[in-house]
Every structure is written in structure tokens, then in C-alpha cells.
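Before I ask anything, let me first share the structure, which is written out below as C-alpha cells.
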Amino acid sequence: MTEAEKSIWIKMAEIDRRIIYWALFLLLAVPFIHPLMLPVSISETTKSLYDFIEGLGPDDIVVIGIQSGVSAWPECLPGLVAVTKHLVSRGVKIIVWGFYTDVDMTMNAIKARVPQLKWPDEEVGPGDYKYGEDWVYVGLIAGGEPSVAALADDLHAVIKADYFGTPIDQIPLLSKVKGAKDIALVITSDTGDYGWYYVRQWNSRYGTPIAEVGIAMIYSEFIPYYRAGQVVGLLKGCRGGAEYETLIKSPGEGIQRMDALNVSHLLTIFFIIIGNIGYFATRKYRR
Amino acid sequence: MVGALNLAMEIIVQGRGFQFVILLMTAIFLYIAYRLLKMGKEIYLRRLPAIDAIEEAIGRAAEMGKPAHYTYGAGGGWGGGLASHQGPQVVASSAILGYVAQLCARYDVRLIVNMMQADAIPLTEEVIRLAYLREGKPEKFDPKIINYFPGQSPMVTGILGTFQRERPAASFHIGGLYYESVVIGEAAKFVGAFLVAGTANTHQLAFIVATSDYVLIGEELYAAAAYISREPMQVASIASEDWVKFILMAITVIGMILESAGIHVISNMLKW
Amino acid sequence: MAAAWRRPEIFIFIVGVVMGISWLGYFFYLPELDATVKLMQTWAVGIATFALVLGFLSAARIHLYYIRRRTPGMWPFSAWLFFFTAVATIAGLYSETTGFYAWQFKWVYTPLGATLYATTGFYICSAAYRAFRARSLEAGILLVAGILVMLGNCTIGEVLWKDIPTINEWLQLYGQAPFIRSIMVTAALGLILYALRVMAGIERGYLGALGAGGGGG
Amino acid sequence: MPYPTEPLEILGAWVGALLTIFIYSYILWRENYAFRWAEHTYIASTFAVAIVQAIRLIRTNIVAPLMEGDIRYIVPIILGLMFYTLPFRRYRWISRYTVSFLIGIGFGVTVRGALSADIVKQILSSVTAPTGGTAMDWFNFIWVSLGFVFIVSYFTFTVEHKGWYYFPTKIGRYILMLGLGVYFGNTVQFRMAMLSGRVQYLLRVFKIIPWP
């Protein structure tokens, strides 16, 4: 081994750590600037939700129930935004409500990322969602399982007005809906037990399909409901969001986070391999 | 005697009986081992490489004319401090700190201590003051070598600054470690420090093994004090610890066999 | 002999009694003992709060020393530390939810906590680079296990090799179980022996100069 | 929370970002005055927070229960004040009462937990055989329980690891290494997520990417 060759191997074995730190720091920034869309394997439960929504059209009405707080955004927001984008692309009517105190903040976060959703005062362009007809935001609803049940029996008994206070009969979309029977799908995002309330009160009694877009921990507890067909789709936290973003080909925070995860892990493994190659090549000199 | 035994049997809290047996058994073994040692029986004691490395590390620091650095880590810095679940690791680590300080006094190496356990400051000062006293240099002890930080992340920042400003030749982080184990380990290696680390927190063992030259894993942190002092009673406690270990290993193996055969005598005993 | 109140036996007796009370209260059905232990634990939190002042004094002493001695490269920063602490504390005493205290809590204290924790990302990468070298069979096991779990945790692992998730799941559920269990048991034994040594007055390090007479630490 | 609008908030975002960069300049380059300034600023901030919270803690933990007539709370006050004898050489021994009291509780409480959770519960789960499990369940049972015994054998000090006893300790060391590797690999995910979160914060403050 010539002097030059030896120095290459030694360099590989003893890289200046700051090169590793710079590489990691820059590579972690790349997915936020330009998503890499590194391949994400699509799990069966995500595909199943995608196919179900593919089957919905403009005359179907979907409910999005937000029962996960701001602290769960990193895990739940990507999935919620991706599913909303898919519903909007298919023209499906959307009703949004939530039993969680900071539901308004999550609503604004979704609206900031799905520009087609317009408030009543915003002007509506082609392909946009007109408030009151294409979509409605009811806001915070109080109560536990009993009020979820009451909503399924008779929506108008529980909801008197929307978030802005306009009475329910003046909102065309809400006046068409009597209860669970008129809803094609309930998408619920949970960190707690509300997912089961929807399954027990909406699916078991009225057969309304349920989809869970919650934190990764909730995923494993919902698998039995998925096997039983009561739940038509499950997104496993942020990873589920990244898978759904890949399916609808619109990269968002899910893919950015998965890219960052992949990039950092692959970089670490790359340096481990480099280190070992350099180590074995120069082991003769060490002994 | 029998009356007391019955009374004790009644008021033992259900489910904690066997735990009490282990504690009692350990104490009895300790006494037996001590008696054996007193009668001159030699007990083999496997070397603990991390302890031998401490003298080597301080010697290296003396040659290079550089300071040595010591920290307990973050454990015991929250809530009840020494009285918290991480407290005992701080106390065990202070015994090792005493040994390190004694070597620093002997070889005239400047010692820097970074810590965040406010209620352990008196303990730390006492231990270092005793070390300098033992080396006959009580006047050399300067309380300013103990740097206090009011939290884990500020302490890590301070330690990072210490490393590249003071460039210690030896660094010890022993005690209830948390995320700082990998940060301090790598930052110390970056300035070429000789690293001895130790903790009983399972979640940090992977990082001290990965970043340090010598390691005290779990039980070795507590056994270190016995290794340092070599007092007969200390060695006896290591022996009694091993005997309890052999009994627990036997219980596990026998239990596995019996339980697989459906005989629940061992699990009932454990649940007693 | 030292005055009765200063003899090491007094302190060893205190440690032994306090430890004994908590054990008796735990093993035997003596509710009042258990209650006193819980009370003592709340006292410990209170005492630790007093100790904070000791910490502030010792830190102040060092920074004052730098300022007085005009240590180059250190004293301006120590002076700045004093200034910032004083202003923020006074603002904090005035009101914790508005003003400079709330501002620095939101924009200095909180983000830098996350910044420091995030340095583990850098260092875990370089630690893996340095430590995962197949020097021996043991180091090779460490290397392979680490890489398999890393691949299993990121979404690309599955794309490279179909079975990675199942291997990852087994390693995390069963692979590491004996390691964690054995450390818990042996560390617990080490702790019990250390406690017995402190109770028996063998381990006297905490007594400092007073304990110099006896053996230990 | 979207990009701040009022000036003070924008200034705050920039201060947070700059301090973060100064701290990372230590890692990405070397210790420098910028890092030292960020270090002392952060430590000062934590001191301020600690002092303000300590005063509130003393009020709630000590003074309030006392005011309610629970005179037993005099004890922590006395023991706490005894800490302050430390700087005075002649009265320093008084502080040892408090230290002894704290160490007594610390060991007392931790040993209780160690006996129940760390020893008996672990051995109980090591002996409990799988009920009517598959071959894989039995393999896992033997792997975990025997692996546990082998690693514990590695941690014995008073017996030389030679002769037949060498093998359980050697196997134990390999299983120990496997556990360390799995633990290390598993922690990379969470810590990299934290670092990517910090990078995202910097990109957002410097308007390189939108802050929705």
C-alpha cells in the first residue's frame, strides 16, 4: 500500500467528526426545502382508506372529528391534511367538528394547508369549497360518548348552529343531514377514547364506516376493528400521513419528517460502513 | 420467639414476603462473609478494570499538566434530590469522586466538578475536602472547583464549554446519567480526554459503552466503592451479593423447568 | 472525644433509623409508619428547595471571582450572566406571565432546552461511527443489532429487505429483554448491598472529615 | 403557531434562532465567543427561572402547609436552614444532619422499589412459562429467561470466569452486547426527530421555508 493509499483508508477510519455533523445538519434541512419523496412502503390499512375515499363523490358527506390536540400535531396533522386534500380533490362534502378544546387551532392549521377551503367571507374561485354548501365547520362540541351517540341519532338535536353562530337550517349542507345514516364516512383523529365512541355509536348502530387518523399508539389498538371491517382505514401516526401523501402524490409534512428520518438513519449507517471499511483496511498497521 | 414470628407473619404485607426474605438473606450473607474474612479466608475478587483505569487517567492528566473533570450527570437533580430514586447513584458516585480527588491531590492535578444536584453540594465538598486532608494538603482544597448549574441542559452547555476551554485529559461521568451521557462522551473524546463513565440507568448504558474507554455498568457503580477501599467488610458485601445472585439464578432456572411442567411452587413463592 | 453531637455514630444512626422506618413501613402492615415515610418524602422536596440557594451561592462565588480577577475571556461573560439573571429574576418576581421574564422564558429558556437536547442527534451519529466497529465478535453483534433496528425504524428499511420490520419487532420485544432484565436485577442487588453498608456505618464517605476515623470511601 | 407578527415576537424568534446557531457553532466548528455568549445567556436564563420557581416552591411547599397549622413542617425548614452552616468551618458538621436525613430517605425508598419492581417482578416474569404458546413463544421464553441468567452470571465478581463457568459468562456478554446494540439503534429515531425539529425551526425563522 502506497503512502497515499494508506492515508485514504486511515482518513475513512478517522473522519473529522465535524464532517459528520455538517453532513447531518445539511441533509436534515434538505427534506424541508425540497421533499426527497424517498420510497415509503404503503401499509395495507392506509391503502384501504385511500381506495374507500376513491369510491366517494360530490354527493357523499364526510365528517372529520378532531379529538387530538396541538401537542399531537407532529403525528396527526400530516394524515388529517392529506385526507382532507383527497376529499377536496374528489368534491366530497365535509363537516368538521371536534370534542377537543383546541380544535379551532387544528382547524386553522388544516385550512392553512388546504387553501381550497374558504371561510364565508372569502371569495370562492373554481374548484374551491364554498362555506355552507361544500363544507361546514361546527367547532367544539362538549360531552363524551352520550353526545357522540346523540349526534348519530339526530344531528339537529345536538348542533344548533355552526362555528359562526348561523342557525343550522340556514346552512344548506347541514340541513340535508339528519344523522349517521346520511354520512358516508367518519374520519376521527384521536389520542384518547373518542375513536371507540364513533365505532360503538355510529358504526355498530348505523353501519357508518369509520377511519382512524390518530397517534401511532392508537393504531395497534384499532387493528381488531379493522380486521372486523368496522374501520375501513387506519393511518399510523406521522408515518401513515407520509404514506397517504405518497398515494395522493402531494408531499407534505409527513413525507418531510419521514425523509428526515430516512436521511439521518441512512447517513449514520453510511458512516458506520465507511468507518468499518477504513478500520479493516488499516488493521494490518494497527496490530 | 415463635410469638414474634407469628406476629410478623400476620402483619407482613401480602406479596412483599419474599422481598423481605431477599433483604434479610442479603444482610445475613453479609455478616457471614464478614466473619469468614475475619477468620482469614481469602475471597477471590475479579478485577474491575474501570477502577484501575482511574489511577492511569489521573497519572496521564498529571503528565500532560491538564485538569481532570468529574460530573454526576443529571440524576438526582430533580424533585427530592438525594432523597429521589436517583439519589443513591449520586451517593455511590461521590465515593468514587473521593478517590479521584485523592489522586488529584496526590499528583497535583486540578479537578473540575460540574453538577446540578444542589442538595449534594455539602456531600461533594465533604468528600473532596476529606480527600485533600488524607493526602496531607487540606489547604489545597478550593470550594470553587465545584460548578453548580440549575438544570440538565444548562449543565451540558457548561460542560461543553469546560471541555474546549480547559481541555481536561481525563473525564469522569458517573451517577444517574440521562441524555447528557452521549453528549459529554463524544465532546470529551473530541478533545482527546480519557473517559471513565458509569451508571445504573439501563437507558444510557448503550451510550457510555459506545463513547467511553472504561465503563461501570449498573451494579459495578455500587461495587466500585468496595473495590476502592478494599476494607474487609466492603469485600464481604461483594461476596454476599454474588451468593444472592447464584440463588436468584438457581430460582430462575428451577422455576423455568417447574413452571413449564405446570408446577407453580416457585411463582407462588415469589408472589407470597 | 468530639462533643457528643458531632460523633459519626449520631449520623449513621439517623441514616439507619430513617432507612429502617421506610423498610418497616413497606414490609409490615404499619400504616402510620408508611404515612411518616410519605411525609418525610415531601419534607425532602422542601429541603432540596433550600439547597437551591447553596447552588446559587456557589455559582455566584465563581462568577464573582472571574469578575474580580478580570480573568481574560471569562469575566465579561460572567458580568453579562449576572446582569441577565438579575434583570430576568426581578422581572419574574414582578410577574411570571408578562414582561421580560415571560419573553425570555418563551424565546431563550424553552428553545435552548430543545436545542441542547437535539445535540444528541449530532453526537449519536458520531458515536455510532466510532463505536460500531467490528473489532471483535462482541462489537460485531453490537454493530449488526444496531443497524438492523435503525433500518427497521425508518421506512426505507422495508423497501430494501422485506423481513426487516419483523426482525426489528422481535429485537425490540424479545432481543433486548434479557439485557434490560439482568441490569435491573444486578443493579438492584448492588443498591441493596450499598444501602446495607451505609446502614452498618461501613460506607462513611458522606461524613467527610468526621468519618475519617472509621473505614470506608 | 404561524410566523409571529408583532415586533417583540419576531425579535424573540430571531434571538432563539441565533442562540441556537451559536450553540451549534461549538459542534460544527469549535468553542468560540459566540458560543460562550449563548452559553452564559442560557445559564443566566435558567438561573432566573430557577430562582423565581424556588421562591414560589418555598411558598407552596413549606410556608403554606405551615400556615395551615401543620407545625410538623417546621422540620424541613430547620433541616433546610442547617444547610447554610456549610460555609462556616466551625459549624459545618451541623449540615450533616440534613445530608444523613436525605440519604436515609433516598436509600429507604429506592431499596423498596428495587426489591419489588427490579428483582421479584423480573424473576417472576422470567419463570412464567407461556400458556399453550407456539414454538416461537417457547423459543422466546427460553431466550429471555436463559439469556437473563447468562448475563447475571457475567456480573459475578467472586468467581473466576474459567473452566465450565467461562461459557455462560461469555454467552451472557454476547447477549448483553445485542441488547446494547438494539437499545442504541432504537434511540437514534427519537433524537434525530428532535434535531430535525430544530433544523425546521431555523429554516422557518430565516424564512427559507414557510411557517404555516
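Letters A, B, C and D name the chains as they come in the text, with residue numbers starting at 1 for each one.
In this text, a contact is a pair of C-beta atoms (placed from the backbone, for glycine too) under 8 Å apart; a residue touches a chain by one contact, two chains touch by 3 or more.
Quantities reported herein were computed from a predicted structural model and do not represent experimental measurements.
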| item | value |
| --- | --- |
| From chain D, the most remote chain by mean C-alpha position | A |
| Most centrally placed chain - per-chain CA mean versus overall CA mean | D |
| Length of the line joining the C-alpha centres of chain B and chain C, rounded to whole Å | 13 |
| Chain A and chain B, separation of their C-alpha mean positions in angstrom | 46 |
| Approximate Å spacing (C-alpha centroids) for the pair chain B, chain D | 16 |
| Chain A-chain D separation of Cα centroids, rounded to whole Å | 32 |
| Multi-partner residues of chain C (at least 2 other chains) | 23, 26, 40-41, 44-45, 47-48, 51-52, 54, 56, 59, 112, 116-117, 119-126, 128, 130-132, 142-143, 146-147, 150, 153-154, 179-180, 183-187, 189, 191-192, 194-195, 198, 206-208 |
| Where chain D touches two or more other chains, by residue | 23-24, 27, 36, 38-39, 42-43, 46-47, 49-50, 83, 86, 96, 98-99, 102-103, 105-107, 109-111, 115, 119, 123, 126, 145-146, 148, 152, 155, 180-181, 183-184, 187-189, 191-192, 195-197 |
| Numbers and ranges of chain B residues touching at least 2 other chains | 16, 19, 22-23, 80-84, 88, 91, 119, 121-123, 125-126, 149-150, 153, 157, 179, 186, 202, 205, 207, 209-210, 217-220, 223, 238, 241, 245, 248 |
| Pairwise chain contacts under the document criterion | A-C, A-D, B-C, B-D, C-D |
| List of chain D residues in touch with chain C within their complex | 8, 11-13, 15-16, 19-20, 23-24, 27, 36-52, 54-55, 57-58, 61-62, 72-73, 75-77, 79-81, 83-84, 86-87, 93, 96-112, 114-115, 117-119, 122-123, 125-126, 140, 143-148, 150-152, 155, 172-189, 191-192, 194-198, 201 |
| Sites on chain D touched by chain A in the complex | 2, 24, 27-29, 188-189, 192-193, 195-197, 199-200, 203, 208-209, 212 |
| Chain B residues touching chain D - in the complex, by the definition given at the top | 16, 18-19, 22-23, 43-46, 48, 80-85, 87-88, 91, 119, 121-123, 125-126, 149-151, 153-154, 157-158, 160-161, 163-165, 179, 202-203, 205-207, 209-210, 217-220, 223, 238-239, 241-242, 245-246, 248-249, 251-253, 255-256, 258-260, 266-267, 270-271 |
| Residue ranges of chain C touching chain D (in the complex, touch as defined) | 6, 11-12, 14-23, 26, 37, 39-54, 56-57, 59, 73, 77-78, 80-85, 88-89, 92-93, 96, 101, 103-109, 111-112, 114-125, 128, 131, 137-139, 141-150, 152-154, 171-172, 174-189, 191-192, 194-195, 198-199, 206-208, 210 |
| Chain C - residues contacting chain A, complex | 121-122, 124-126, 128-130, 132-135, 143, 146-147, 150-151, 153-156, 158-159 |
